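Read from first to last, the chains carry the letters A, B and C; within each, the first residue is number 1.
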Amino acid sequence: MTDPVMPHMEVGLAPETSLASRLLASRSFATGAIITAVIVAMALVSFGWTPYDVTKIVIADRLKSPSLSHWFGTDHFGRDIFSMIMVGARNSIAVALVAVGIGLAAGVPLGAWAAARRGLVDDALMRFNDLVFAFPSILSAVMITAIFGPGAVNAIIAIGIFNIPVFARVTRGAALSLWPREYVLAARVSGKGAARITVEHILPNIANLLIVQATIQFSLGILAEAGLSYLGLGAQPPMPSWGRMLFEAQTMMAIGPHMAIFPGLAIIVTVLGLNLMGDGLRDALDPRLRGKG
Amino acid sequence: MNYVKTGKILVSLAVALMAATVLSPASAFAAKDNIVLGVALEPPNLDPTSNAAAAIDEVVYANVFEGLTRIGPNGEVLPALAESWDISEDGKVYTFHLHEGVKFHDGTDFNSEDVVFSLDRARGEDSTNAQKGLFKAIESVEAVDPSTVKVTLSSPQGGFLFNMGWGDAVMVAPESAATNNENPVGTGPFKFSKWNKGSSIEIVRNDDYWGDKVALAKAEFRIIPDAAAATSALLAGDVDGFSNFPAPEAVPQFEADPNFALVIGSTEGETILAMNNKKPPFDNLKVRQAISHAIDRQAIIDGAMFGFGTPIGTHFAPHHPAYRADLIDMYPHDVAKAKELLVEAGYADGFKATLKLPPPTYARRGGEIIASQLREVGIDLEIIPLEWKQWLEGPFKAKDFDLTIVSHTEPMDIGIYANPDYYFQYGTDEAKAIMAKLDATTDTEARYKLLGDMQELITKDAVNAYLFELAKIGVWNAKVEGLWTNSPIQANDLTGVKWKD
Amino acid sequence: MSWFIARRLLSLAVTLLLATVVIFAVLEIVPGDPARLMLGINATDDAVATLREQLGLNQPVLMRYLSWIAGMFQGDLGHSFTYGSPVAELIGERIVVSLPLALMALAISTAIAIPVGIYAASRRGSATDTAIMAVTQFGIAVPNFWFALLLVYFFAIFLRWVPAGGFAGWDEGIASGFRSLLLPAVALALPQAAILSRVARSAIIEVLGEDFIRTARAKGLTRRAALWRHALRNALIPVVTIMGLQFAFLLAGTIIIENVFYLPGLGRLVYQAITQHDLPVVQGTVLFLVGFVVVTNFLVDITYAWIDPRLRRRGR
């Protein structure tokens, strides 16, 4: 959302060969998956343990440079930055994940419905998509959080809303191309209803596409959350968030540059990991696209 | 031509373009008769008689608009458009003798009729003046002759001349009063020149000024709301200084740099953790006392303000002679005592509450520290950040809050504790009685004694937790002189500002 | 073609109309009394009531919506609650910052991305290509405000080459204006350049694989000549599409960057208006930006259809 334009990754449909073997062969997927796993592990561990309590303010320890006892140093309140990044990962992942969930839960049925019914329903969905896409996403997210109050939940809603048309569009496009296929036609002839065909034949065949799109939206969600918390509209203290850590670091660049460097790197590494994973997935799903966009 | 070459050409073109923009001469060296000052908030308009926003006064007070009197750098009342005045025996009639030959910036004359117009407009029925209270005591205003005005009060008011020095009481002309929002026309030594919305406001020297001409030909107020941007702007030389520098953490950088003058002064800003005295559990004295004990003022000053600020034990400016310094010892930082008081109040397991924070650094950072300190004694605070507008609507107007942090920057404002309708809802009869007695007392010693009693009362009742007096951190180019050290009112008086050679 | 344009125009109008309803409805739920917000901390209730009357806030919702729409057709977007000046005028003052900023960012991004994309495509699979792709991956992952911070500290504070922020206005001179916009434009351009160079690269690779290129090669053209004579022109379509989208979003999506550099542009205007609950400004600016996005998309669609007639028959 901070970098609002991502190319629409139009993903082709997978030929029926072993996905797992291709995934294992993909270097980007492996790298991305390892990075993502590390970040997720950090977030999970932070539920039970962090090197220091991130809510405890110890003024005497403030602005310490990175050292053995504080790997990433301490902030202006004497809190351990490594611990804050661990807990912040939890926040970033939770926000982006739920936002993707909202997009999937609302967008996929909408898209599938439009593809099954065509006509008026389809037109209405397209109008709705046009409408949502017409609103610059960061602008609307700022509006939503400013109106309903800043906080993680409203940030999730603000980001989630923009995932709906994305998934609706991917689902609709892919489903439309499947409906004329023979096995779908056969199912129709045998008297199955549109809903049942969608569930039994369409969705299983576009699941891969949705997974790739979800990975992309997930990484965009991480960036969007960082942007909102940077503006003070995301998770509120004492819950640490990467974006707000950067905001707080801004005025301390001269006395504590480590305060800006580490949260920034955390965002970059996480987004990078997800994007690599997404690329690897897409390549594995459609080898024709290998090495592209 | 092949594509690699084209690529190289494109890249080098881009680099050349960037270099050209970078290396072209900086918009010449600033001639030494103009100044660019940073201000944190953009004024909503430029008419100080229409709106309470201090940001308006920070631009126009003493520079563009003048009142009958003015408030000086140390809080003293000085003559302005009135060169002198007489006060009747009973203290009810003020006769102001106006300067002659004064003109508004649009060329119209300033005389007693304008004074009558300005004061009647401010106190009138349909006036939108935000400080109507300043004029409440006025019974009538009459022009005796073009340079004499008689103001009659309904009862004597000790602070009347001070009130007439507020930005809300400046003199305006009937011809231009309606358009002062966008195009302020005053009598001051500077004239309004232009306003780039969202960016800057420019004023220029008024060569027809009735008094001494100012040294600066031009002054620009650059609006920089963000602490980080303020630091970069100063370091990069985009602005010449900040009267109120918003990033205390960056101060050491400027302290070490001989190009900058760092001037720490006092303000009238008592920064408090305000409690809703009518809302449980904060209606319980023991709870309020527990919170007062749980607070570690020094940690807040160090952590939020990087050491800038004077701890206070009551709602009073520590540089004022009537300040009761002993009261700070009534609630020393004592976690055990705080817990004990909570048990006595029936909250052995603590409780949950909200802490609503307006935008300034002192509140946002101070709030995080206070939340951490109160967690130590079992009080779990949810932090809710608010914009100023929301803060005014919620905590201030609708009294919709548990705890909030705010700095009360009005001078001598302990009277708010006699008002049960004020947002923290104290105003006991005892407080009202002391303030009523104060109004009727003219003897300085006796007044100080009463002010001391009032301070003791509000501290004993732990109405709010008193944190610190806001410091005024001034950072400006070392060659600039004449900016105010202290901040008795919020203003950037540029009349005495000039560049040293 | 004209049938296609007419259909797209109709859908554009419908989208804009729906947008006005959404914008107006959303802002109706905003809590807070604008009159009190305008007068500030110690204003009396009388003063607030007087102002409410003056602002016409006591009229019913539908009336206010209709008069907003009616005013819009006469170029009147109402008056700002905070500044008191016409919203259209405020937008006009700010667009002269935001539009050049977006154009500069687009120019910088294109100047970097196209050569990089061409180069990488022509060396597809080489170590250089892999390295370039890795760098662009990294570029996409960098939050632009973080990059902006680093730029400020290096170029403005350490080297003092350009201002750290602010914008003195174009009347201070074209050069000074461009100097102020340079860092923000670079900060905005980097992630866009990373995306665009990936698009350019894959577009070229795609075209190179198509039949007519093979034919050209078979006719004896060198790979480079084939690339120049045929591939680039055809690869331009997706690149231009993305550029169109980027432009619209660069104009609107600068809220954060304009805040970092405190530029008086549209993004800051709307951000401040939102936080100060200056509803006429929020409504006007958001609608303006939405209109800009919709019209840009429309133009991109038309261009696209003009280049590739097959698209006209498809719905979208």
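Quick note on the criterion: a contact is a pair of C-beta atoms (placed from the backbone, for glycine too) under 8 Å apart; a residue touches a chain by one contact, two chains touch by 3 or more.
Remember, predicted model here, so these are calculated numbers, not experimental data.
Visitor: Taking every chain's C-alpha mean, which one sits closest to the mean of all protein C-alpha atoms?
Guide: C
Visitor: Between A-B and B-C, which chain pair shares more contacting C-beta pairs?
Guide: Between B-C and A-B, contacts are more numerous in B-C.
Visitor: Starting from the Cα centroid of subunit C, hunt down the chain whose centroid lies farthest away.
Guide: Comparing chain centres, B lies farthest from subunit C.
Visitor: How many Å are there between the centre of subunit A and the centre of subunit C, using C-alpha atoms for each centre?
Guide: Centre separation, subunit A to subunit C: 22 Å.
Visitor: So how far apart, in whole Å, are subunit A and subunit B when each is placed at the average of its C-alpha atoms?
Guide: 44
Visitor: Report the inter-centroid distance (CA atoms only) between subunit B and subunit C in whole Å.
Guide: The computed centroid separation for subunit B versus subunit C comes out at 38 Å.
Visitor: Could you check subunit B for residues that touch two or more other chains and list them?
Guide: 226, 228
Visitor: If a residue has to touch 2 or more other chains to count, which residues of subunit A qualify?
Guide: 250, 253
Visitor: Give me the residue numbers in subunit C that touch at least two other chains, ranges are fine.
Guide: 149, 153, 259, 275
Visitor: Could you please specify the touching residues of subunit A with respect to subunit B in the complex?
Guide: 55-57, 59, 62, 76-78, 149-150, 232, 236-238, 250-255
Visitor: Which part of subunit B faces subunit C closely enough to touch in the complex?
Guide: 2-4, 6-8, 10-11, 13-14, 18, 21-22, 24, 26-27, 42, 44-45, 51-53, 126-133, 181-182, 196-200, 222-226, 228-229, 232-233, 235-238, 387, 389-390, 392-393, 396-397
Visitor: Please give the residue numbers of subunit C that touch subunit B in the complex, ascending.
Guide: 31-33, 36-44, 47, 50-51, 82-85, 90, 93-94, 108, 111-112, 114-116, 118-119, 122, 149, 152-153, 156-157, 160-169, 172-173, 175-176, 178-179, 182, 224, 227-228, 232, 259-262, 264, 268-269, 272, 275-277
Visitor: Okay, in this complex, where on subunit C does subunit A touch?
Guide: Contact set of subunit C toward subunit A: 11, 14-15, 18-19, 22, 26-27, 29-30, 124-125, 137-138, 140-146, 149, 153, 191-192, 195, 198-199, 201-202, 205-206, 242, 245-246, 248-249, 252-253, 255-256, 259, 267, 270-271, 274-275, 282, 286, 289-290, 293-294, 297, 315-316.
Visitor: Touching subunit A in the complex: which residues of subunit B?
Guide: Of all residues in subunit B, those touching subunit A are 226-228, 231, 247, 249-250, 252-253, 299, 302-303, 365, 367-369, 371-373, 375, 383-385.
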